[in-house]
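The two complexes that follow have chain A in common; it is paired with chain B in the first and with chain C in the second.
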Partner chain A sequence: MLETGLIIRALARNKIGALLIALQIALTMTIMVNAIFMIQDRQQQMQRDSGLDEANTFYLTNTIFGQDYNIQAQLQTDLHMIRNTPGVVDAIQINAIPLSSSGWSMALQHEPGEDKDAVGTAVYMVDEHAINSMGLELIAGTNFTQEDIELRKDGQSTWPAKTIITKAFAENLYPDDWQSAIGKTVYISQTQPMQIIGIIKALQAPWNGWNGVERSMLVPFHRESKGSYYFIRTEEGQRDALMPAIEKALAESDKERIIRRVTTVEDTRKRSYRQHNATNKILTTVVITLTLITGFGIVGLAIFSINRRTKQIGTRRALGATKGQIMRYFMMENFIISTIGNVIGCIGAVALNMWLVNTFNLSPISFELVAFGVVALFIVGQLAVLYPARKAALIAPATATRTI
Partner chain B sequence: MLVMKNINKIFQTADIQTHALRDFCLQVNEGDFVSVTGPSGSGKTTFLNIAGLLETYTNGEFLLDGEDVGKLNDNGRSRMRNQKIGFIFQSFNLIPDLNLYDNVDVPLRYRGFNAKERKRRIEENLERVGLASRMKHLPSQLSGGQQQRVAIARALATDPRFLLADEPTGNLDSEMAKGVMSLLEEINQQGTTIIMVTHDAELAQRAKRTIQVKDGRVSELEIVASNTDKAIA
Partner chain C sequence: MFSYYLRLAWISIVRHWGLSLLMVCAIGLGIGAAMTTVTVNYLMSANPIPEKSEQLFYVQLDSWDVNDPFDDGLNPPDQLTFTDSTNLMRAQKAFRQNIQAQAFGVIEPEDPEMLPLIVNGRANSADFFSMFNVPFIYGSGWSNQSDESKEFVVVLSKETNDKLFGGTDSVGKSIKLEGNMFRVVGVIDTWQPKPRFYDITTGAFNDSEDIFVPFHLIEDEKISRSGNTNCWKPSGDGFKAFLASECIWTQFWVELKTEQDKQDYLQFLNAYVEEQKQFGRFQRPLDNRLSNVMQWLEAQEVVADDAQMMMAMSFMFLIVCLLNTVGLLLAKFLGKAPEIGLRQALGASKSTLFSQYIIESACIGILGGILGLFLAYLGLKGVENLYGDYMQGLASLDTNMAILAVALALISTILAGLYPTWRACNIQPAQQLKSQ
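After this line comes the complex of A and B, so read on.
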């Protein structure tokens, strides 16, 4: 028969130790649930699809220092050479790299003019090879044609007449029907019209922490600039071998420029989320440490309590308690303390989350996560008390008759 | 009936072997009131522990109510303690965090009685020892004699066949000791078999039988009130 009532009344008369452990459980629960939530949030961010064929793409910077340099001619030569290199799928010149933390942004609006609502977007200046070079998926509309590609000089403020946008951006511009974006005219730089000719499934912006990271647009530009990126996609398994080969070929083909920062998109992703990874490791360490401290606290309190009650346990055995009943007594005692701790912890976890939501604009924690925290701490509590409870069960009934 | 034949109890450490009981023989019949005396270290507490199934013995034969105790496992001994034996300890061994009602409740819960039956037994036995009006008190709020009465109520609550008392008056002044002794005599008269270990010769004399333990054996037997009861020497 369970001794729940007796245990609760006994605990009520000896509340300090139990209360301290309950508060420790509550604190652990509060921090654990919110830390796991933050870890999950970061994990989800890190697992978002960039839209790129990351495993088979890399890029490099092309910095020209020569005077009277024919940028356009060299660009065509370079792209022709790279695209015709065995193992290369396609290549483009591009102004910014997704997830690299550095890029261009503009805003598009439905109507021309100042004071009109506009939606921010990352801008990638590319040619008709972009979809193939980046491994993007065109899900509606059409790609650029060679005729669409315009030359853009540094400082130029006019924009091409066509654009391809991401699905997320289309959903933002046309929430009722994202596919209706095809053929629509939007305005860039407040007044310049652009027609949306295509929608790609995904392409992340260069800034992973931006809440509009999924909003990107492709514009058909070749840049006449002394600094640009070449973005290259290779056949599967060819990337690592082609990286130094293409770097060398480019460098040797023209001595009036520097080819450097040959980097895989995978490395860029890793760098981009380095802080997320570090934070997650710290939070994981905090969660594990707190849980261990709580577990050890429970072990300590239980052992102290058992040592203090050795004679009492012997007396219970003398009165007919089996070893199992003694074990159950301490497991139940811990369960009651854990219940109190978990109830306070649930309130604390939700309260802390509400503060985080209001302060840092995080989303609310899920019921499942709170339930997970409760179950996890019950398991930790029961596992922690298992050894002391077993120790208590092994106290001989003859202890009851000992005078010391 | 309690029958011990040639019970030996040897405590073994790495280097030392201690014979606590040597070929210990005793028969206690139903309704007996046996006092056990003897000098310190004579083995009387070991005897009481074995008689109360608190401790196992090394060899010999021990029958309690016709059941061979040697064949019982730990759970079986626990069950038999709960069902057939009541304990009264020198230092009362009440649970300090529980009030009198809950203290008496402890063995009843191990027995598995329902709440109604437990309540009846608790109230009846606290009434029997004159403490029904204090059932919500904590042990620390009672005198030593009153605490021992609660311990007696707890021991009696399960209707045990045997009541084993370990120096039940050892921590009481003489007036309280007499009161507790009178209560034990009354309980015995109502049919409960009592085995009491005591140092107090005067109290020992009030039992129906007195046995003396020396060097782990029953060294002397005095039959006070019954000619039919005897020890197997």
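After this line comes the complex of A and C, so read on.
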């Protein structure tokens, strides 16, 4: 331990150089820990289950422009045609697509009245084929029946008597026991009663950035509207072939409408999280380059300080220091600098995180992540100094006797 | 002397090429990262209409639920009810005023061979075009008269005109939109404000619309509206009830020439709300706002959180790179102590030495700046690829940014070089010469 004191005294003579590396390590640590944290946060968001059978589903928009058009009859014809196409598992008309960023929302409350607390939810207007068409899992209660489906005109303000909600929504409404939600009456649009008849495992809302993204409700409606989506589930591996086929069949069966935006749910997910993905890639690049820069900075400075001390190193070797001792000296020196850097870095990382939490509503970082940062930077420092230290160890004792 | 120092700097840079390369790369990466994020932020927060951004005001009235304020009571609602914006429109108290909402429709081309077209539209008042300095190739906007008599008139974007009329002057011709014949009165030249300030609620960086039609046609359901609708109070059945409801879905802009006009207009708004309170509406405390373009963009937080976060990070990144450079320059200059001592002994003054080493730092800075510029270009290309449509047109370097990049590199490297240079100049010649 005598050596440690010696190294610290030697460092004190070249305070600035050591401090510069320490500061660099500190800042690298600050950025690295927070960047990794942000990456993890986004990855977790992206991994949430949408509830859909994503690999085998797609949708399209149906826009009617013909005048005096029998919307209701055509809807029945379309659904019948699609459902009976070989390879199609099931199909529905729907008003919004999960994760597509545009949709409908309403609020439900336990008691009727104007000034009661209400919980927001995404609304999907579907028929009894929804669970099968979307690949949802009904975990309690029952599905809608054909008799439950009502026809909804544009601008209509009344709601059907039954609804199916997601488990996350049930947990929000009935925190003690989500299963008790079955059969309960809740109120939509402040005063209209609705009975919860079923609970599905998961179905995400259209808005991935919304904190209530897990809250959705199915409402038994067929819409008499000039614009709607058809949502279709196919058998495994049939999707890509059926997409153009169904588009063509729909477009050709009726010339007074436009079939557009035939899109897979997988693409919608990709699009929805495109920004997340991009940000993650950039952050990863930042972390890697930053670590490299710091590493190379340590190498450069170490080589220089060794060059300057060639004579001293030679002298130490001449006085009996082994190669291992010389190497250990420089490794130890780096370790001490890294310690200072890491201590400042921990403070910096937490400070930056606090700022991010305040400014951008992020959550606080975990202790494990900071610990990981510390270990990682110690390793980077030691690896970086390895080559210069080896070089130092190879300085011949005879150097001491020569002048530069 | 300057060119001599340049030559010395060059020799020194080449002799320690490994170290120099490390410094240039570090500065280049730092500048590249910083410039990429600065550019994105700069373009996101650009003033889309500098010539009159101070005279255009977005109107907000707090018509929301008394029990459950909009935005937790921090800001009034971001749109107006149909009732309020039509009342304000009718009052005509501002120099110019525009009521608007997003719309969409299907155009059926005359040519039966052509497929019908779904278009994104804007339903707005006649003043829209003069207020926002919309450039026209053919014709012009419609008149206030057309608004009042609810004429079926339409202004096309250049793209739509190209599709429907092959780019020819289509003023006076008709198109079939949602089953009705609309007369074309004007064709807009390419017009894509970034951010699209006149409607932030449907996306600040969305494309501008394909067609523009009079707002009042929505009232008669001749055009379908789209965009965001937000309600706190249930409305009755049917479209009429919806129009009369407390749902917000319209936007209202006014043009006011002077500060006095603005104060007067605000007073008018307050008086209007007081009057409405008597009908039982506007139960919340008075909170009416007039925000000019930049204030409105700021209030709506148009610059994405991600972009700001990245900018903060990239500046810290630049600082790391500079610390790196300070350290390396220090090592390099101190390594030259014997040489410096010798020069001092031969009569070089401190200021001569100072300029010599500062020039050497500056050279590294410029090289780093050029590399940084190149990296920023690559970075912006990458950003554009990664983010797709969202960043379209938001990721390009202009001359200002290029100059800024090199200047930033130069200044930061000179700053980074100050301390090492100062240390180098303070070397004791006697001590150095003794050890030679």
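Heads up, the rule we're going with is that the second predicted complex is superposed on the first by the 402 of 404 C-alpha atoms of A that agree within 3 Å, B and C clash if a C-alpha of one lies under 4 Å from a C-alpha of the other, contacts with A are read in each partner's own complex, and residues count from 1 in each chain.
Convention: a residue touches a chain if its C-beta (ideal position, glycine included) is under 8 Å from a C-beta of that chain, and two chains touch if they have at least 3 such contacts.
All values reported here derive from a predicted model rather than from experimental measurement.
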Contacts of A:184 with chain B and chain C, given as first, second, both or neither: neither
First (chain B), second (chain C), both or neither touched by A:398: first
Which superposed partner A:83 touches (first chain B, second chain C, both, neither): neither
Chain B versus chain C as contact partner of A:110, first or second or both or neither: neither
First, second, both or neither for A:289, with chain B first and chain C second: second
Touching partner for A:9 - first (chain B), second (chain C), both, neither: first
Touching partner for A:201 - first (chain B), second (chain C), both, neither: neither
Touched chain A residues, chain B compared with chain C: C
On chain A, the residue positions that both chain B and chain C contact, one per complex: 403
Residues of chain A that touch chain C when the two form their complex: 16-17, 20-21, 23-24, 27-28, 30-31, 34-35, 38, 63, 65, 67, 114-115, 154-158, 189-191, 226-227, 258, 260, 271, 274-275, 277-279, 281-283, 286, 289-290, 293-294, 296-297, 300-301, 304-305, 307-308, 352, 356, 359-360, 403-404
Touch list for chain C against partner chain A, complex: 18-19, 22, 25-26, 29, 33, 67-68, 105-106, 108, 115-116, 118, 178-179, 224, 233-239, 241-242, 304-306, 308-310, 313-314, 316-317, 319-321, 323-324, 326-328, 330-332, 334-335, 338, 382-383, 386-388, 390, 419, 423, 435-436
Sites on chain A touched by chain B in the complex: 1, 3, 6, 9-10, 13-14, 311-312, 315-325, 396-398, 400-401, 403
Of chain B, residues touching chain A in the complex: 45, 48-49, 52-55, 74-75, 78-79, 81-83, 87, 89-91, 93, 95-99, 102, 105-107, 109-112, 138, 154, 158, 166
